[in-house]
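In structure tokens below, several structures.
Look at the two complexes coming up: subunit A is in both, with subunit B in one and subunit C in the other.
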Partner chain A sequence: MQISGQAAKYWLYSTNHKDVGVLYTVTSLLFFLIGGVLALSMRAQLANPTPGILPTSTYNEFVTMHGLLMILWVLSPLAIGLANYFIPLQLGARDLAFPRLNALSYWLYLFGGAGMVLTFFVGGGPNTGWTLYNPQTACSDPLCAGAGLNVATGALVLLVASITLGSVNFIVTMFKMRAPGLKFSHFSMFPWAMLVTVVIMSIVLAIIGIAAFMMLYAFPSFLAGLVLLFADRTFPARLSYLSSSQSGNIPSLLWDDVFWFFGHPEVYIVLFPAIGVIGEILPTFTRRPLYGAKYVAWSMIAAAVLSFIVWGHHMFITGVSPLSTQLFTITTIGVSLPFDVITISMIETLYKAKIRMKAPVLFAIGAVALFVIGGITGVFLASIALDHQLRGTYFVVAHFHYIMVGAGILALMGGLYYWFPKMTGRMYNERIAKLHFALSFIGFNVLYFPMFFLLEMPRRIASYTINTGWLPLNQMATIGGFIFGLAQLLLFANLGRSLRNGTPAGPNPWEGWTFEWSTSSPPPPENFGTIPRVASDGTVDFGSGHRGSLATGLPNGHGAHPSHLSRWPIIMALGAFLFLLGLTVSSPPPNYFLLVPGVVVGVWGLTGYGREAFVVPEGEKTADWPFAGIPRARLGVWVFLASEIIFFGVLLGAYAFVRTNAATWPAINSLFEISHGATNTFILLASSLTAVLALACARQGSKSGLVASLVGTFALGTLFLYNKAMEWQQLASAPVSIFANFPLPATTYYITTGVHGVHVFAGLLMIGYLIPNALKGKYFGHGEETIHHFGLYWHFVDIVWIFLFPLFYLI
Partner chain B sequence: MREKGLSVRVYIIVFAVLIGVTAGELELINLPNLARDFVVTTLIGLAVAKAALVVLFFQELKDEPRPLSIVLVVAVVIVTALLSVSFLQLHPFHT
Partner chain C sequence: MTASNTADLFYQLFNTFTFLAVIVGGIVLGLMAYLIVRFRGRDGFPEPADAPTLGHIPPARGHLKTVAISVTLSAIVLGVLIFGTLNATEVITTVPSECRPLQSSPYGSAHCAYIQVTAFRFGWNFTYLNTILEGQTLTGNLTIPFGTNVILQIRSMDTGGRQGVFHAFGVDDFKIKKDAIPGLTNTLWFRATDLDPHTIRCFEFCGIGHSGMTGKVNVVQPGSLGCSSTGC
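Coming up: the complex of A and B.
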């Protein structure tokens, strides 16, 4: 960390993974405070059976905001903060693969969170519950009043964008930037856990890849759902995917499927980093390897795969097919098995060990204990019969808090204490940390254990009658809540004070075995002077003829290094924030006072980002199995496209879902003219040819050919959009209103082709950037990769249209 | 001048096939006496085939390491699984 007169500029512009990690960590703790205050307000309300402290409407807003903030802006980002800081260190890398993209991820996350909190001040926060269930989110009036939920939808879009970029970054880093000789079998538990987690939020490769891609694969589904919700609420008079009354409960089921397909993997996205942290702490403080570490890693991979086929257990009482409920019962019980292996491994690691009872290991042991309770009670909910009784009650609230807070938050707090000396060079106060743990553990159980007995009390109610008998248990829970909440102040006080006054930590205060303990505390900007090399016997070559185990010292990386500062990530994120705010904050939209500045700032940031000569050190030998031969950036584009497959797949699936269940649908060629679709198909296919010819020309060193091909692609893309705009206009202005008479066909058509059109427009912007540089003679030699990256994107957009054409025009 | 990737001739052949298949799609829907299920299945199959041509030849996936294909195939499998189960859930509404 650098503190100087330029500190503000430094923190706003830094792209160094450690700085971004600190920003993520601090910001997530601030959101933790906000979410905690909301939770304590709710607990104070529930200690009294009648509304008093919080009106019901405010209570609903608080419960929704608490859930959204804690799950999406606290748990995952706290883990991402630690991952940002320590994954490159543990891999023996200097930074993440794309440092500026990493900073952009953070700023999108921050602005998204700001937008979410802002909803309280623009017509009231969302009050639907964090699941945003339909029809609670449906518009009740033609202008869709209640800007809070609209703005919240925009904020969630920013968050998903942040997570998608982050997922791509972590995946490429882990696959392309490992220290030479560092195999996946050498990974400590945290990188393994983050690899699995990144895949959930986005998805993975071969066996290991499957795990790392969870984030990559899950969040695009949520994004597709948000697009539907966004359109419904922003253009309620015209677009009604989820609000349509024409198709019974189909919209509700559609939202449930899309949401929980993301939502259940999200539980593991949150949990895996916590398991990874525990897997780091236990070996260090027991002085023995994690018992069955290989099986723990395989179990996480198995859980990652299974997590994508368990979402239906959240829908047992929605009236879906009994066959599907039976299927989901089996998979849900099945997903508990890998976690059994993981838990047994941790218990066995502790068994008869000489444990150094420091705060990190106390938090880790506490998290394991609470995870066992949360896990066992989760198995109850896999049973259809029990789920019918328990769904929507405080039993469920207790269960998932034991998982999310008991296992998740406590483990991550253990990680904070564990790595605080490395991040700051200072030790925290051990006695206060232990007191923090004791009060947290006691407060947590007093808070949540009584809820297991509130079997009949529904969630999300602000009041109840005294004769229900729920009062004593609620009062006990409230007492526990305040103990737990106030205990967290010890964390802030301890870490805040130790930051300045803690005793110097030295490079390796815990005698840890992983790479990060081998460099100074805090590590220098470049982490290592020389990238270490791992030999097959596990020993490490630190360069300069120095050789030792992982626990011995590395030469640090102080000295000459490229600048880590770039102002463009924060400017781009600000532009995106203003743009989405402009689209959502007014009824009816848009608000041009925000929209226009958003576009201007966004384009300015994008242009600056593209033109900036930002040095990303490359060329040092790294372990890159199984992607040897693919440049870092190209792998990033491919991984990003994998998330796009999920995104468009879900959008097309939503169309098919609605269409196959709609009572009527216009005949072929009656509403959407085949000639329009066919013309645009030929145009886009031709543009793919010119795009690939541009690559061929770049490879052959033909400047004129390259420029001509790019200009041709630009012209064809523009023609495609022009034709599409004409078709849109023709449909919208037809004497028989498409919106009034064919609401579902109109909605599906405008949203799906609209999102595709936005992708085409983005491609045109890229070509607009490429052509001037091509005229200057760039993109030959290594520069051809840039043309290749553009082509990968453009051809993907073409592929999407290849499916849209028959689905909308021929079937 | 380096020789990398496919030749321009291959690109043009692939483009011609894509155009031909698209023309075939347009002809297919005008053929009389074809069952709707057959037409729908064939059109989706042709779209998959066209997409495969673009991925393999224009995006040059066939020349990339095999694990990269797995990353993309897994995404397709996940979407397919989501859609399949989603439709399975709705089974009772049709009976």
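Coming up: the complex of A and C.
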């Protein structure tokens, strides 16, 4: 492949889902290599525990970064890469709903990953374990992570933004851009799994965003509060085994709860795409439909819902109430039921099949087998009584690697082989692929099965003494690790070479049924000549605009050629990266040399993005139940606001947690004056009124009315922020400073109203963008949708305040 | 012979889980292996009638009955496991009644041995609330009486102005473990059934000294601690 200036620009600016898919896939494999090197270093250390080859501090960084990179920068992004490429094709669409946002998602992900790698070079990577438990992460003495951890939290914020945007994109695409006649019940397993995944993602990633944010700013203050409270307290002599109302457990378990409330659904986010891929591969290679596809689909929904009520199994021995542990043990053991249905269905698919033993199906079947082992051992860990021994040991490590690597990675690799011919137009080398499978499968089991027997060895230890007797099993695991790790080189070599030298592949080398196999390999830029149509009897008409050729004019009614290149996503992502780096890399923050350029680049990017005339064809008919008549952009705003609801919900939940566990709290109206809060409430309500007026004026075509309403909303919003700033200053500088005397109320108040204030500020920026365009007459006719979207956002921010006001001022 | 009553209980439950796991896993994986071999594609074999074809949404396949049966069977197995779990959990998390504090005696009617365990970075302090070691705080070594109930109160506190972090106190041989959370006191109880020394380890990552954060449990005849066979 020639790397010319043109090619580089193409890859930097492309918004086509296939290109973004390739970028995600290749980048995730790069991070896989990095995470793998970290893993092999750890395995080498554990096979030589004394004197050892890694300093303990390095080992601790490696174990933390291995977890973070693999879970967040490899597993999900690899799935997202395949999803990017194939979901639009499988739906019969030409691209995702918001192509530029899609590119932006990728660049945010990449810059976030760059930030993570950077942490090794700025004060050391985070070294607290990937769960980043507080109070360890909150401490500031030399034993704790320095700038590295801050930069990591900034990187996490970028990743969360990436995934949030991506989830909104996929949800709108799946609901609004299905081919005519394509019902959800027709979905093959991959789109279905991705739909469930992105819905969970959009709910749950808001939470890790909060977690990252809390880490950056909230916990040091919490820490101060805890120390103060603790000093006043005598150690309780009474027994506490029956009750969780033991005082003083405020911040530490809060992090634990918030993190795992995200963390458990997160591992399903990691797993479900893999299940989807298995569900794609099995029918094609067994030559039978997937057994019980309907039940598998419902089971995924059931598992997704249940995933939100099992998180306590990570906290069985923390001292939470016995009742909650009992409930969590039941829900956790119970969640294996939907997975039973899924696994049994996959195995039943093999019955009376005609299995073509090619690499994709070997990986898929291998993934199912390893999932059985991982799932069964998960039930052990779900038992409170057994967890009292197994917690924090290598039994746990073995369990989750069986799921994440055994089921997750193997299935996704199967997907890579499966779809490689479609993406590149070439077949990979089948014999090397089979060798890759065999070595991976064997190496994997030699690596992880011994760990089930190391149920007395603690996790995250860098060394141990020989008299523990753990050495032989560790050595065996290390050998397995190197076999597995080196086997992956076969994947890279095979796919790399086949790109150039592979046998040319036709459109449908596997004789699959899903829509991507109707196109050329690789598909043309617009995917289909004419969009497929599904008839009520299940037959699919791919039209005459055929696989290899592209119909010359697209039936989008405007005759305009859809845009594909845009420079603004990468620029915006770069701005965000510099900004967050500026906030996190120096101690004390900020680093203006990064912050200021970050703001400049970011604002330039945002403005360019807004002003760019980017054409997304929307004229073609699609299946869009249940959102018929709702424009895509509006649905996108709704979905985004839904994730914001979770975000604020968890933030307020954290406040409630602190409040109910705090021994004392200032009396009503003593610290936070009701009059201040009430005034601001009226101001915001009035601003919602002006926003409604703005929409009405846009609909009536009244330019002066529209501009006046927007200006009025802006003025009221500014007044709100001004009042808030005054209040903040007053509280901080009073003779009885809130920070010194009421640290917990201070922290919860400033963080919660601060986050809300940032949202108000973002709204003001939006109005700042809308007013000049309104003056140019842009928001009449179709343009009024933009005012509507702004209104939805603005009303949402106001409603959040309606909750904040009583919670902080009136109780 | 196990080292404690809690270890006994653990093994009973763990062995039940393992037995069922091996059976279920064996059946499922065995079935898979059989199906793969039996139905591997061979040349000359006809394509199944419902093979996927481009241009057709595949027909539905599968019987609700099969799903219902497998879910029911699984639920029965899982029910057994839940039942066993809740019973065992009740025992290990509930301090025996004779050790529970009363108005008249903070260590229960039987005057059970009470020891405060304080995790710090990076070791274990043991403060004896009763026995002849009452009032003493020793580091690294925990001495307990053989054959009578021992109650441990697990806490976390760093010194020298450093914020305490999570640790987890665990003794492999006793098969018992509890987190040490700053600001919380967690309780752990057991009864040693042998006189061997046992290793204490930290099971929650706590920083650079986590690997070496070990201690020793010494089990002695009750008399040496001023205890009798029923209490201290």
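In this section, the second predicted complex is superposed on the first by the 735 of 811 C-alpha atoms of A that agree within 3 Å, B and C clash if a C-alpha of one lies under 4 Å from a C-alpha of the other, contacts with A are read in each partner's own complex, and residues count from 1 in each chain.
The working rule: contacts are C-beta pairs under 8 Å (C-beta built on N, C-alpha and C of every residue); 3 or more make two chains touch, one makes a residue touch a chain.
Please read all numbers here as calculations on a predicted model, not as lab measurements.
Q: Once the shared chain is lined up, is A:610 touching subunit B (first), subunit C (second), both, or neither of them?
A: Neither partner.
Q: Which of the two, subunit B or subunit C, is in touch with more residues of subunit A?
A: Touching more of subunit A: C.
Q: Tell me which partner A:253 touches in the superposition: subunit B (first), subunit C (second), both or neither.
A: both
Q: Thinking of the overlay built on chain A, is A:319 touched by subunit B (first), by subunit C (second), by both, or by neither?
A: The answer is both, since A:319 touches subunit B and subunit C.
Q: If we overlay the two complexes on their shared chain A, which of subunit B and subunit C does A:295 touch? Say first, second, both or neither.
A: second
Q: With the two complexes superposed on chain A, say which partner A:777 touches: subunit B (first), subunit C (second), both, or neither.
A: neither
Q: Is A:368 touching anything from subunit B or subunit C once the two structures are fitted on A? First, second, both or neither.
A: In the superposition, A:368 touches subunit C alone.
Q: Taking the superposition as given, does A:469 touch the first partner, subunit B, the second, subunit C, both, or neither?
A: Neither subunit B nor subunit C is touched by A:469.
Q: Taking the superposition as given, does A:508 touch the first partner, subunit B, the second, subunit C, both, or neither?
A: A:508 sits against subunit C, while subunit B stays out of touch.
Q: After superposition on the shared chain, which partner residues are touched by A:701: those of subunit B (first), subunit C (second), both, or neither?
A: After superposition on chain A, A:701 lies in contact with subunit B alone.
Q: What is the shared patch of subunit A, the residues that subunit B and subunit C both contact?
A: After superposing on chain A, subunit A residues 250, 253, 319, 322 contact both subunit B and subunit C.
Q: Mind listing the subunit C positions that touch subunit A in their complex?
A: 6, 9-10, 13-14, 17, 21, 24-25, 28-29, 31-32, 35-36, 39-42, 45-48, 50-64, 66-67, 70-71, 74-75, 78, 81-82, 84-86, 88-89, 92-95, 100-101, 106, 116, 121, 151, 153, 155, 162-166, 168, 170, 172, 175-179, 181-187, 201-208, 210-212
Q: Report the residues of subunit B in contact with subunit A in the complex, numbered from low to high.
A: Of all residues in subunit B, those touching subunit A are 1-8, 11-12, 15, 18-19, 22, 25-26, 28-29, 39-40, 43-44, 46-47, 50-51, 54-55, 57-59, 64-65, 67-68, 70-72, 74-76, 78-83, 85-93.
Q: Could you pull out which subunit A residues touch subunit C in their complex?
A: Where subunit A meets subunit C, its residues are 56-57, 60, 128-129, 133, 135-136, 138-139, 141, 143-144, 186, 223, 226-227, 230, 235-241, 246-250, 252-253, 283-284, 286-295, 317-319, 322, 325-326, 329-330, 333-334, 336-337, 340-341, 343-345, 347-348, 350-357, 365, 368-369, 372-373, 376-377, 379-380, 383-386, 388-389, 391-393, 456, 458-464, 508, 511-513, 517-518, 534, 538-542.
Q: Flag every residue of subunit A that touches subunit B in the complex, lowest number first.
A: Touching subunit B: residues 203-206, 209-210, 213, 217, 221, 250, 253-254, 257, 261, 308-309, 312, 315, 319-324, 327, 626-630, 635, 638-639, 641-643, 645-646, 649-650, 653, 656-657, 660-661, 668, 674, 678, 681-682, 685-686, 688-689, 691-693, 695-696, 699-701, 791-792, 795-796, 798-799, 802-803, 805-806, 810-811 of subunit A.
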